[in-house]
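Heads up, there are several structures right after this.
First subunit A sits with subunit B, and in the next complex the same chain sits with subunit C.
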Partner chain A sequence: MVNILADILLELKNLKTKFKTYNGEVKAVDGIDLTVHKKEVLGILGESGCGKSATALSIMRLIPSPPGEVCADKMELRGVELQFLTEKQMSKVRGNEISMIFQDPLSALNPTFTVGEQLMELLMLHQGFDRNTAYHKAIEALNIVQIPAAANRLSDYPHQLSGGMRQRVMLAMACACSPSLLLADEPTTALDVTVQAQILDLLSQLQSEMEIAIMLITHDLGVVAEIAQRVAVMYAGVVVENATVQNLFAKPLHPYTQGLLASLPLLEVEQERLNVIPGGVPNMLDLPSGCRFHPRCPHCWQICRLQEPPLFSQNESEVRCWLFAQGIDK
Partner chain B sequence: MSSLLEVRDLKKYYYLGKGAATKKSGVIRAVDGINFAVKQCETLGLVGESGCGKSSVGRVILRLLSATAGEILYEGQNIEQLSHHQLLPYRRKMQIIFQDHAGSLNPQLTIGDALGEPLRIHRLINGKKELKAKVAHLLELVGLCPEQMCRYPHELSGGQRQRIALARALALNPRLIVCDEPVSALDVSIQAQVINLLMELQQKCGLAYIFIAHDLRVVKHISDRIAVMYLGKIVELAGKESLYSRAKHPYTQALLASIPRLAPATQRRPLIFSGEPPSPLQPPSGCRFHSRCPYALVRCALEEPLLQTVDIDHAVACHLADR
Partner chain C sequence: MPVAYYVVIIFFAVFAPFFATHNPTYISLDREQIKLPPTASHFFGTDNLGRDIWSRMLFGARISLLIGFLTMIITVILGVAIGAVSGFYGGKLDFIMMRFVDILLSLPTIFLVIILAAFFKPNFFGIAAIIGMTSWMRTARLVRGQFLSLKEEEFVAAARALGYSDCRIIVFHLLPNVRPLIIVDATLLIAQAVLLESALSFLGFGVQPPQFSWGSMLSASQHIVFLGEAPWTAFFPGTAIFITVLCFNFFSEGLRDAWDPKLKNIVC
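So, the complex of A and B:
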């Protein structure tokens, strides 16, 4: 769909994020390659601790160092290498070019300032508006995220708003400076299904109307199916499958993706038991040898225990699994 | 089959004080007159948006919170009025597991101590040997190895901790377990393991569950009957097949429509309603859902609909249901 080189917005090559802990070094992200194209929604799917949030924070350069350490062969936003920017230049990129929303809007908003003050501060700081213009722009921003009676909401404190409203305010703040990329880290996980549906609708509306590319981080397959166009599935710090959303749901390739899809209860069919991926997520301090998924994999062969598979191309997808290697004696 | 637990006109109000921090004073009608029954070995699902009172129901049934009004009948015996001492035998019959698996285990107790505690309190064991054997049996029951006994909660993963919470609930051979969002804090691949375990144990130990959750997929899988709550009221109560295929209440229909589908959408589905639940401090008059209902009539704002049986094992509280 969007595969022209000029359309690439963000390109990551071999991103590694490590944390030094008392028990050893944790490679939260262990060499991932990602590209986000303009105006697309890329879903990052994975369980807790697989490195999805660390990826987003690394892009924003918000990983505290020490104990964290981020390195990449390439981390380019529109051809600008983010790693070489000074802190001052980077703070211009945050908000103006890339912005981020989090799972818990209550802790992301300052409880001691009104919504209006927080929105206006951001507009005055990033766009250099005076107070008056910022006020009107703030109302505009709240209107875009469909908050009713926006002018009255500006004087509310975050605790006076409901969860869905807070997430809308976060979205308004994130989109106020019309960034080209929005990193949404589990934006609907803390919300009710009904409100989740509204926020997802709003996100896809923002994406099409304001032409924002969205990197949507989630553990929820349903959310991915709803709005993403391409999906990267992560497991224990690496991307195990890269596919379009249609391919991912129609014919998942990696055994982990297959297991995840099969373990969800279906609405349409009556099931006796749910399919299960045996075992648990590996300890990041003590990763299995070879393929990280092999202790839980139903198709595990000799080579899986010994050597980590590279990403193999399979039709339009990419998959990190020896099953798709050609001419290898398994 | 006779019902194991019956709830009649149960109410739980929270009174807000007039203090320095809270200027408002008022009453939150978290649970406002609900009736339902749970049969033996049955799973009753309880769903609704946050703040609809589903967790309050679970806690009031166990008398962790006292009810404002109404009756809770366990095998015909009203346990609402019993004293603390009289209640003890019933405590053994009804247990609860919570969403927050880390918070529900004492970090200073080993798994063995945590599982042994209820057995000691209820004097069900004689001597250390028997205690150890019983704890080992409980761990095996939930699919863990008995060696985990001397570990501490922080050494275990989330799924394992939820298994321990379940083992502790099972220690007293209960008949009913209230499961308050037991899998929503777990990873997808672990959720399925715990759900399978819950269903296996139901068969093995003859348990009834009240399964409180907001994930409608999970609720459908595990429940026999489902009650949908909205602002303290049950708006629809039906067998799961009936509920998922022929939902009568507009709220249930909207809830079902907002479940994300597992196939990429070819077109965006219509949004059935907008807005969020009104404050339980001032619930709308008449039918509480009328302020968000796309089919609301004048009558809905004036008159409160009662929960009426419209079909076999299908009751709904809506003025439009008989159309």
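So, the complex of A and C:
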């Protein structure tokens, strides 16, 4: 625990991402603090629309503006404030230092170019290789992501590859310039379960061999359990719980996390129906007062309706819930 | 098939002097030589001034096709550049550019072309430029529409995430995706330019004698007396324009199929 605190790769403080819409301002991300350490896998867990992807895009500075607007007290990659970089400097960071893979690998690859052309373009642009070197590096990159007969695959178009293959190609492109941070935005959601497992294996292998830190965005508890070391649980634009994977699954603290875990089917228990968290995600235009989770929370009490809880430290975890406040009488 | 037609026609146009049987501008003073039907010495007959239509067709092809191609190039460059920038950046820039396009589109092309042609008295490069300047709007609209939807695709976000510049994304990532569309449009533009040029020539603003094109030949024969007495004077240039335009359409289809990666590797 202590040794990884030493080398912080990415530090976010009070990141806010707003979108101006005709109906009002949507705070997709409302003041989150995150740290990613070198070589670690941080899972960002949350349901649709809770601001997971917006967080990743904010880090890449790819939120379209207008209507989007990003501000943070701190957004540092290895001590370099990303917000102060010019657009030109930022494009050197993208792909080189931070890269990103997307949910749907078919639409994230350009349909009119072969896999090889896309990989080589990236290598020639960022690493300054000539065509010949880039070609060999491209084969190397495909070998790293375990694509068989890599040299032949280079002349294939994205649509000729299977879903798993495409995601491997995306990974190859993301890792081709050996970035220090990989933002994986639901990398396994569009894939079937066996391929999911292969891609996850590959991700954890890349993380250990190429020493890439991964920020894994997902709504799948299984994926998080598989490869993440630490997890941040997001709800309606805020982080509600920060914990190690072991702690999160062994003793979830926030009622939302507890609800998520309780909704998983258990193999050993026979259940007629699965447990659910009652209610739905709040409308981001009209957030509930106080704690954002209180309308759905089984432990809700007075203060929850009135005041938004800060992050409380509890053992090694952090949790945004009044239940863990010291000295407040329920 | 269309490709073969083009090879043949461009070959004939380039080597026109070798295939011409007569001087295309030679005006016969012999009354016996005018309005001759197709014969062994005049393959396509002669016109009302006794000029050999076969030879005139060969030389006319040069002007017709050159004007077609030049116009197409001017139109595609203008239309694609304006459409791409407008569609990619959107917002105010797009609004201003598209209103400008709207204004130009609301002027009837043929009148605009006639006014410009009458004002500048252009040579044939000028004619190509004028036709090009007045027909890029459709291409611009087409490209803009495609860019508007393409820029929302995830591969554009992915390209940005890889640190590519806007310029690179537009030219190397988005343009290839609209290539089939541009090609189809470009071939249609050639056909349209050939027709527009013939209309101009018909009204006396186009290619001026002694230069001539298929269009001006066709126009020259559009006299009720000639049509009755010598229908071949209209038939051959008309047929040539018709087949050329038709073949451009087939050609564009063929190119589109050849460049569509999804249709590649499928043996027909």
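One rule holds for everything that comes next: the second predicted complex is superposed on the first by the 324 of 330 C-alpha atoms of A that agree within 3 Å, B and C clash if a C-alpha of one lies under 4 Å from a C-alpha of the other, contacts with A are read in each partner's own complex, and residues count from 1 in each chain.
In this text, a contact is a pair of C-beta atoms (placed from the backbone, for glycine too) under 8 Å apart; a residue touches a chain by one contact, two chains touch by 3 or more.
It should be emphasised that the depicted structure is a prediction, and the values quoted were computed from it without experimental measurement.
Legend: residue contacts after superposition of the two complexes on their common chain; A:Thr112 is shown touching subunit C, with no touch to subunit B. When the two structures are aligned on the shared chain, A:Asn132 is found in touch with neither subunit B nor subunit C. Contacts of A:Asp201 after superposition: subunit B is touched, whereas subunit C is not reached. By the touch criterion defined above, A:Val276 lies against subunit B but remains apart from subunit C after alignment on the C-alpha atoms of chain A. Legend: residue contacts after superposition of the two complexes on their common chain; A:Gly259 is shown touching subunit B, with no touch to subunit C.
In the superposition on chain A, A:Thr86 contacts neither subunit B nor subunit C. Touch criterion met: A:Met165 reaches subunit B, while subunit C stays clear of it.
Overlap of the subunit B and subunit C interfaces on subunit A: none, as no residue is touched by both.
Remark: subunit A residues 60, 62, 90-96, 99-100, 102, 104, 107-113, 121-122, 125-126, 157, 159-160, 170, 173, 183 touch subunit C in the complex. Of all residues in subunit A, those touching subunit B in their complex are 47-48, 162-165, 192-198, 200-201, 204, 219-223, 225-226, 245-246, 249, 259-261, 263-267, 271, 273-277, 280-281. Residue ranges of subunit C in contact with subunit A, taken from their complex: 153-155, 157-165, 168, 172-173, 176-177, 179, 261-262, 264-265. Here subunit B touches subunit A in the complex through residues 49-50, 157, 159-160, 187-193, 195-196, 199, 214, 216-218, 220-221, 244, 254-255, 257-265, 268, 271, 273-274, 276, going by the rule given at the top.
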